[in-house]
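Note that the chains are named A, B, C and D in the order they appear, and that numbering of residues resets to 1 at the start of each chain.
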Amino acid sequence: MDEPIRIAVVGLGYWGPNLVRNINEYPGAEATVVCDLRADLLETMARRYPAVRATQSFSEVLSDPDVDAVVIATPVSKHHPMAAAALRAGKHVFVEKPLAASSDEAVDLIGLAERRERVLMPGHTFLYSPPVMMIRELIDSGELGEIYFISTSRVNLGLHQPDVSVAWDLGPHDFSILRYWLDETPAYASALSRGCVIPTIPDVAFINLEFPSGTVAHVELSWLAPSKLRRTTIVGSRKMIVYDDTSPEPVRIFDSGAVLPNPETFGEYKLTYRTGDIVSPRVEVAEPLYREIEDFCSAIRGERVPRSSSALGLEVVRMIEAVDASLESGGARIGVSTPARAAA
Amino acid sequence: MDEPIRIAVVGLGYWGPNLVRNINEYPGAEATVVCDLRADLLETMARRYPAVRATQSFSEVLSDPDVDAVVIATPVSKHHPMAAAALRAGKHVFVEKPLAASSDEAVDLIGLAERRERVLMPGHTFLYSPPVMMIRELIDSGELGEIYFISTSRVNLGLHQPDVSVAWDLGPHDFSILRYWLDETPAYASALSRGCVIPTIPDVAFINLEFPSGTVAHVELSWLAPSKLRRTTIVGSRKMIVYDDTSPEPVRIFDSGAVLPNPETFGEYKLTYRTGDIVSPRVEVAEPLYREIEDFCSAIRGERVPRSSSALGLEVVRMIEAVDASLESGGARIGVSTPARAAA
Amino acid sequence: MDEPIRIAVVGLGYWGPNLVRNINEYPGAEATVVCDLRADLLETMARRYPAVRATQSFSEVLSDPDVDAVVIATPVSKHHPMAAAALRAGKHVFVEKPLAASSDEAVDLIGLAERRERVLMPGHTFLYSPPVMMIRELIDSGELGEIYFISTSRVNLGLHQPDVSVAWDLGPHDFSILRYWLDETPAYASALSRGCVIPTIPDVAFINLEFPSGTVAHVELSWLAPSKLRRTTIVGSRKMIVYDDTSPEPVRIFDSGAVLPNPETFGEYKLTYRTGDIVSPRVEVAEPLYREIEDFCSAIRGERVPRSSSALGLEVVRMIEAVDASLESGGARIGVSTPARAAA
Amino acid sequence: MDEPIRIAVVGLGYWGPNLVRNINEYPGAEATVVCDLRADLLETMARRYPAVRATQSFSEVLSDPDVDAVVIATPVSKHHPMAAAALRAGKHVFVEKPLAASSDEAVDLIGLAERRERVLMPGHTFLYSPPVMMIRELIDSGELGEIYFISTSRVNLGLHQPDVSVAWDLGPHDFSILRYWLDETPAYASALSRGCVIPTIPDVAFINLEFPSGTVAHVELSWLAPSKLRRTTIVGSRKMIVYDDTSPEPVRIFDSGAVLPNPETFGEYKLTYRTGDIVSPRVEVAEPLYREIEDFCSAIRGERVPRSSSALGLEVVRMIEAVDASLESGGARIGVSTPARAAA
């Protein structure tokens, strides 16, 4: 096997330590440097990983010849400047989701990565989660038939962010999953939200998406909810799925549907309903973050475009921007512009 | 006690027989006539209730001096002509929800009832359901604090209607409940829907409502869903509620919320979260339809305006019309005009 | 088709009216007489079914030539005298479970029925419930492998009986189901119980059963419980089942188990575990009581021995007697004597 | 504060590493030595905790003057010899549950600890779990009334042990919890079990316990089950509790019960049932193992007898021995002898 890819992790808040742990568990990589301004967080990591160098200086990371790639797990506003600097320093870059704070920033990073021939990858971790992957395969194989609609709720009490809305915070999860499952970008978005606790910061949002194929999707996001809910319903013409990330049975397939015996004469004939078995397939247990690091390293080795590609990351940012534009215009239906082709 | 109110039930489909049964169980009323065009349904009722007269002629019902009130449980398109005829014949009228097929029709019926001094009452049965009533009291008493938002799902596999959309079929339930709980009419509605099985008949709808007080509501309705779901989440500034009509614990009160220690300085201070006890209060077991018939009869005796008033019924129709208008204009936010004052 | 079988229903408490309704719905039978000492119950039935004759006199029922069969839904202590009288009067007899208050009584009734060539059938309704029948087929087909053990809970708040223990009241359900599924009579029973509310009347019981094949079963019965629980777990060597009568998915099949790679060398090798798909098969919706009446009538027409046979009913009584004997001897393991062969 | 207590952890299988982590998190203690025969496990710990000394020699641990206390997390058969050696070497001793492989061994260890004036504590971790502690308080306060019965299930697919039965493996959890809640030792035990996968090793057991106060308990244990179940029902004369360790609402209090209006005349009067609110109280989130280590250290400092006392540990062993004796005698009811008084 090749030499392990040497990775610096910048930002040791919530995700940083998990990234360090998974990088060290993956045989094809090693965490060589951790970087944060907060000395106490550095110290904790140093104690846990004596072999990893700890620094408060990001420029030291950039100039370190022993660093092949940089993982950026800082607040969104820092994504563009830090990723750009790292790409310019010749490093491959993994950025926590969302890729950047605007599509302009994201386009800029993608161009930079292309020119420098470096990998740029956003951390849409859910694309590596076994239930999400299984559902993608079920949709792809045609087992569900035409996808009529998808309705999803991601709500919880907690984690208000002082600087971003709930759509910027939780939206990337569902937007990247929908993009991955349906393999198309929504044409339109519209949204209603409210800043309940802090009037200027939306903490609940109801988002509608319309896809070119006809599929519609509804996404409910909230930091204010009586209990944790992660429930996605996928209604196809042949089968339906309920996906719940918090359940011991995360994927449930319902062999149910409405049958239209003779479409021309509807009005005279009644629909019939089919209700069959419900199956909870065994879902492989695997840590998505590990798979994601593995995909990042494969991309660095030139083996493939990562599933969580920069092109997908740009589309996710464009979807959030469309949501913001809809909110600003009182809920109007806003076109989601198609990302630049070059980016894939 | 007064003489029992003599009631004719017109339309013996799904709701009709339940209405007859509850009318007969309520001591203050008796079902004297049943009317339907379908002879087999009449026969079934005749066998079950030998004392009830069965007829296929609606005009016979109207001219019957032994009929004080008429209950109309026919398709929506028949509500206005039949209710108008009954009011003109001097009968009190109970109409299954929605009150009429348009707000113009509803306004016309309300005017007619006023002029003839007869009771006109739409059958918004959920307003008589013990959990719905308990939640109204909890909101009224201030125990939940300010109502931030309400999100509700009413989905199921089945019962596509050939003539109406899912919003006209299922919407009256949630719209009447929201109107009753919040005691205000929404200012705006917007919606996304799709006709999945029959392209011209919307069978899934995502509806947003904005109320003058600031409360926002989201209503998901569908005839296509993997399993029955009746789940309403009410998020208040002090407490939250989950209401599920299908659960043995239909009302669950969560003593949880976000606390903003010092609103002026947010950005520097973090929100704290409060998670307290969860209580499933004992909810009285009572048949809503019985209570509804009782309320109708009290209104006939002049004792009170029914909880499910014609004014409320008109507002519900206006909410559905706003949803339709939004759908026609590609999801635009549509004002819900305030119903005529005279109607209450 | 033959003339409908004319049936008298004796005892109009909880089960009686349900039996009358199902007899009238089944085309091959009709309820001709209802009998109870309580005039108000008779009156209610008379109003509901004007064609049915109501009487307070059981001997009148017995001497009525228009009665082919008698359904007895009275307290257990009355089962033997009333069933014996009816058999002697030449009627076919259906007795609510348990068949009799002792195995001596049951044997006596079985002998009488044989001599008079009449059908004697106990009302073990669960044997006609679609989920119970589906599980019987799954066991029979070998899909579950060897049945290692079955554990079942039937608990609830309510319905203390003044005259019988919880084992006599609820035990017949589980004992008849186990007998039907496993197709064998337990060899031994042992039990622990307590009279919590009334010291002399056991209202909770923990019962162990050992079957000749090696299967063991545990049955928990109680009238005192925080919530209704009907949960049966069946653990086979190949698959496992959870059966819950109160769930929308009453049968769930788990393709899971422990695998012993090499039995001879256990101790050195570790067991491996297999966890596969979980399937909730679609279960037909049908009223068990209707099927039971149908089976009774088929037996009267000489077409077959009813699934809920008098032989099975006798075994159930013997199982309860063994439980009682165990309780009297401080929990000792008591042999369950095999019922007389002649009875099948 | 005093010097931290220096602790050696012997046995690095499942529990060992968790114990090391919690010892290091508790400010009043530090893990100074880890000991195991398996070099790879030692190495892993050495990498994780560079300051902790790793050794394969137990005698080295015993002779180390820098070790105040020894935590023993080895298979049950090693508990007595290792704990005895450690006590003789003057160390305080914490032994994973069960305390020893027989009551004779346990009595021997208790005597030795007394003579050497050292702490001997078994690791009944559940006694430090917040829901278990809350329920103890609810029982103590009388809020539940008289405890009629307790029924508990601890089942799961997995973790067959090659050397012990399911009663020795899982029984200590429930037996210690019951002992703690009820504050009394059971008078009698009886049991049924089966070795389903390996005939000589019982992997399912149904255990009955009778307490002097009249409370009865049923404990179902199994390594073979379709899904993880941890469900305990506590039925009191005033209230009932469902405790489920795997639920986000681990304690649910039901204000329900049966009411006997006039005990003298039962038979004439019917019982009435009370069904009130259900409350899921907020349960503190805390790691039980941390609390347990804290209690061990307090005991070493002479501040108190640990909640998980050696006397309780001996009683638990006696309960398992009574279960074994019952199994050997075909399910007979076996007296559980009271532990020596001196042990507390």
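Quick note on the criterion: contacts are C-beta pairs under 8 Å (C-beta built on N, C-alpha and C of every residue); 3 or more make two chains touch, one makes a residue touch a chain.
Fair warning: this is a prediction, and the values are worked out from it, not measured in the lab.
**Q** For chain B, which other chain has the most distant CA centre?
**A** D
**Q** When the centre of a chain is set as the mean of its C-alpha atoms, what distance in Å lies between chain A and chain C?
**A** 54
**Q** What is the distance, in whole Å, between the centres of chain A and chain D, each centre taken as the mean of its C-alpha atoms?
**A** Distance between chain centres, rounded to whole Å: 43 Å.
**Q** With centres defined as the mean C-alpha position, give me the chain A-chain B separation in Å.
**A** Between these chains, centre-to-centre, one finds 40 Å.
**Q** So which stretches of chain A touch two or more other chains?
**A** If we look for residues of chain A contacting two or more partner chains, we find 227, 275, 278.
**Q** Answer with line, ring, star, complete or other to describe the graph linking chains that touch.
**A** Topology of the interface graph: complete, with all chain pairs in contact.
**Q** Using the touch definition up top, name the residues of chain A that touch chain B in the complex.
**A** It is residues 148-149, 151, 153, 155, 157-158, 160, 162, 188, 190, 192, 194, 196-198, 203-204, 206, 208, 210, 214, 216, 218, 220, 222-227, 233, 235, 237, 240-242, 252, 254, 256-258, 260, 263, 266-267, 270-271, 273, 275, 278, 330-333 of chain A that touch chain B.
**Q** Using the touch definition from the top, list the residues of chain B that touch chain C in their complex.
**A** 48, 50, 227-228, 248
**Q** Give every residue of chain B touching chain D within the complex, in rising order.
**A** 249, 255, 275-282
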